[in-house]
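The two complexes that follow have subunit A in common; it is paired with subunit B in the first and with subunit C in the second.
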Partner chain A sequence: MSAVFHWRLQVRPQQLSCLHTSASLESKEWEKKNKKVFPPQLPDEPRRPAEVHHSRRQIKYSKDKMWYLAKMIRGMSVDEAVAQLEFNDKKGARIMKEVILEAQEMAVKHHNVEYKSNLYVAESYSGKGTYLKRIRYHGRGMFGIMDKVNCHYFVKLVEGSPPKTEERTSLDHAKEYVQHLKNRTIIHSL
Partner chain B sequence: MAMPMRRTLVVLHRATCRRLTNAEASLDVRQPVPLFVPVRTKKRYFIPPAVRARAKPEGNMEAKARAAGIVNRQENYERPINISCTAGIFDPYIPPEGDARLSTLSKEGLKQRGEQIKQSASSQLAIRKIKEHDSLFTTKTFAERAQEIFVEAHNALTQFNKQKIHSLVTERCYPEMTRGNRFKTIHWSFVESLEPPRVVHARCPDMVSKGNLYAQVTVRMHSKQTLAVYDRFGRLMLGSEEQPKDVLEYLVIERHLVNPYGQWRLHGKIVPSWAPAKDPIIKTVMIPGPKLSAVQELDAVNFEVPKPEAVQWYK
Partner chain C sequence: MNLAALVHSLRCSLLRIESRLLQAAGLDRHLAPALAVNGPSLLPQLQPQDSIMWMAVPKKRRTIEVNRTRRRCDSKLLKVKTNIEPCPECGHLKQKHILCGFCYAKVRKETGQIRYQIQAMEGGPLRAPIEETVVLYDGETAGPQDKDKRIVERPRKRPAWFSS
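After this line comes the complex of A and B, so read on.
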C-alpha cells in the first residue's frame, strides 16, 4: 500500500508562500502594541482611556484549562479579578494573578495611569505555546505521543470603570422571539 | 500497518512451502508451522526527537561550528568610556540669591546687571586658555551662540532627531534630556528672550592627563518659553500650549579644546537652591507613608509630607 503521488492533492510551491506568513514562533505582536504613540488630543475631544498590553509566554499549563480562567475574568475590574484569582485553586490562577499585578504596576509607572484601581480587564485570552512531544508507553507494544503543553497568556487593561453588560432575562428573550414572529409579513401581496 | 502483517504472512508462506515436498504440495497437505517465526513488534513510525537525541555529541564543537560557518558574538568584558565629554560640571557656578527678581532700575538691580565677569580671576584664566585654542572666542558672540544651540537642541528634541541632538548636546546631557520621552509627544517653543544672554562663569579642567583640556562655560539666560508634554495616548501631562512662562536658566556649554573637531555642546543646567517650585503635573501621585509596625496607627492629622531640601543641583 504505497502512497500514490497526486500532485493536485498536495500543496503546490506557489501556494506554500502564502502559508504561515503572519505568525511565527518568535512574534511578539502583543508587546509591540505598548509602543504605539497616539497624536496629541485636542481640548474638545473626549479623553482617551489608557491601555496596557501584557503577556506571559511559555507557561507550563494547558491552554484549554487556562481559557476557563481567562473567560472568567473578562470584563471584571482589576481588584475584582485579582481577588477571584487569589482564591481560585487552579495552578493557572496564581500565574494569571502575577501577570495582572505586573500589568497594573507597568500602567502606573510607564503609561501615565493615575489610579491603579481605575483599570478593568478588557481582553484576556490564552494561546498555544510550543509543545514538546514524548512517548507514552501502553501495553502490547503500543505507544501514544504525549504532548508536554505550554501556553501563553495575554491580557489588556484599560483605564476606567468596567462597562456594564445589560442583563437580558429569559422573559426578554421570549418577548423578542414573539415580536420577531409577529413581524413576519408577506411582501408584494394584495 | 498492512506491511508488517504482509511480511509475516510471506514468511509463514515460505516456511510452509519449504516443508512441503512436491507430492505433498499437489495434495495440499499442510504440516504444522514452525514455532520459530520472526514476528516483529509493532513498528514505530514516529519516534519523538527526545529519544533519538539521547546520544551526547562527541568531538570538538568549536571546530565543527567553525567548519559550518557559525559565528558567535564575542562577549565583551570591557565597558566603553566616552572621552568626548566630561562626566559632570566642575566647580559649578553658584548663582546669587534673588537673581532676576529685583527690578533693574533699583540700585541692587543695577549692581547685579553691571556685574562683570572680570570679578572672578579663575574665570578670566579659563577664558584666556580657551582663546589660546580658539582665537575667535569672545564672550558676547559666545552667549548668542549658546542661546542658538539651546533653541536648536530643544527643537530637535520635539522632533526626536537623534543625530541632531547628539551633535548639539553632550553624551552626559543626552540621557537626562531624553529619559522617559521616547513614547511621549513634546511641544516646545521659544517665544522670546527677555534679557540678552550673558557668560557668567568659565572653567577649563583637564582630565586624566595634563593638557587634555575641556572648557565649560556657564551662560545665564532669561527667556519666555511654552512647554506642553503629552503622554502616549495624547493626553496633556504637563504645561500648556498657550501659556508662556518666564524661565531663568544657567546653561553649561562644553567643548573638548584639544580635539580639532570638538564642538560647543550643551552639557547641563544648573538649578539654584532658591529656584521657585515647578508646576505640578496633571496627575495625583501616591507618596509612600512611613513604615509602621502592626500596632501603630498613622496620625493623618499631624502627618507632614516630607519635602526635599533646597539644594543647588545640576541637571
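After this line comes the complex of A and C, so read on.
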C-alpha cells in the first residue's frame, strides 16, 4: 500500500551536533588502523602477520546488496576473492575487486608484505554511507520518500594462508546439543 | 466412497425424527416465538469500492532479527563459482564454457582494424565485391590460391593467433 509520511525531515543544524555522540559523520577510523605501530617483538614471540586496512567511501550502491558480496569473500585468499568477484555480475563486485587490488598493492609497497598472493581476506563488510532523500510520487496524491543510497566498503587483508574453518554438519550440531543436555547436573546437591 | 455422506444424511434424518417426537410430546422448549417476523434492521453499510477495510495487511512489525534470518538464509547467499580456470593462451582467468575475455578483446581489436581498412577500400555502404577477401600482412605475397580474391593489406606483423 502506498504510505503517507509526515514531512518532518528538516533537521536543524544545531540538532546535528548532538545526533552522534561518539563518531561524527566523517570518521576515518578504518584508515587510522594502518598507522598503528606495534612495539618491537620479543625474540620468542610468534611472528605477527602483516595487516592492511583499506576502504572505499560513498560507493553508489546499497549496503545490503554489498553485504552479500562481502559475506561471500570472507576468509578467502586474495586470488580466489578476485577471481570470484571478476565473474560476478553485480555492480558492487567490480568496485570491490578494485578495492582489493588496491589493498594488495598497498600491502606490497608500504606494509612489508613479501608475496602478493600470500594474503587472505580477514575482515570484509559494508557500511551505510550518506543517504539523500527524494520524493517518489504514487497515485491519488500519495507520496513516499525514496532513499538515494550510498555505502562504504571495508576490507582487511592479513599475510599468510587463509585459516581453515572446520566444516560442522548438522549432525555434529545435534550431537553437541544432546551432549550438552546430558551434562546437566543438579548443583549443591548431596 | 460416499460412506461419510451416507452417515451424515442418516444422522440428519435421526435428528429430525427426534425433534419431531419431542415436539409431539411437548417436551421441547423453543426459545423463539412460534411466529417471528424479520423487523426492519440497519442494512449493512455498503463498503465503497476503494475502501481499505478488506486489504491484507501485516498485523505486526517484522523485527530485524526475523528480517535478517530471511535475508541471510542459505538460498539467498551468493554461490561460489567452481568453473573458473586460467586461459592457456594468455593466462587471464576465464570461465570454462565462455571464451577468454582478453583473447576475445585482442581479436576484436584486430578485426576492427581490418574492417576499418575494408571500409576505406570500399568507400561507401553496399559496395562489397563478389569475390572473397584475403588479409595479407607485412612481407607476405598473394599465392596462387589467392588469384581471384580481393586483398586487404595490413601494415603490421602477422599476429600469432591468425594462421595463414
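Rule of thumb we're sticking to: the second predicted complex is superposed on the first by the 167 of 190 C-alpha atoms of A that agree within 3 Å, B and C clash if a C-alpha of one lies under 4 Å from a C-alpha of the other, contacts with A are read in each partner's own complex, and residues count from 1 in each chain.
Please note the rule applied: a residue touches a chain if its C-beta (ideal position, glycine included) is under 8 Å from a C-beta of that chain, and two chains touch if they have at least 3 such contacts.
Keep in mind it's a predicted model, so treat the numbers as computed, not measured.
Q: For the overlay on subunit A, clash or fit between subunit B and subunit C?
A: Superposition result for subunit B and subunit C: fit.
Q: Is A:Val37 touching the first partner subunit B, the second partner subunit C, both, or neither of them?
A: The first partner, subunit B, only.
Q: Which of the two partners, first being subunit B and second being subunit C, lies in contact with A:Leu101: first, second, both, or neither?
A: neither
Q: Residues of subunit A touched by subunit B versus by subunit C: which partner has the larger set?
A: Here the partner covering more residues of subunit A is B.
Q: Touching A:Ile145, do we find subunit B (first), subunit C (second), both, or neither?
A: first
Q: Which partner does A:Glu86 contact after superposing on A: first (subunit B), second (subunit C), both, neither?
A: second
Q: Just to confirm the value: shortest Cα separation between subunit B and subunit C in the superposed three-chain model, in whole Å.
A: 6
Q: Taking the two structures together, which residues of subunit A meet both subunit B and subunit C?
A: 1
Q: Quick check on the complex: what are the subunit A residues that touch subunit C?
A: For subunit A paired with subunit C, touching residues are 1, 64, 68-69, 71-72, 83-84, 86-88.
Q: Considering only the defined contacts, which subunit B positions touch subunit A in the complex?
A: My answer: residues 2-3, 41-42, 44, 46-51, 183-185, 187, 228, 230-237, 283-284.
Q: In the complex of these two chains, what residues of subunit A are touching subunit B?
A: Listed in rising order, the residues of subunit A that touch subunit B are 1, 35-41, 47-51, 111-112, 114-115, 132-135, 140-143, 145.
Q: Quick check: in the complex, which residue numbers of subunit C touch subunit A?
A: On the subunit C side, the touching residues are 52, 55, 57, 71-72, 76-78, 80-81, 84, 93, 95.
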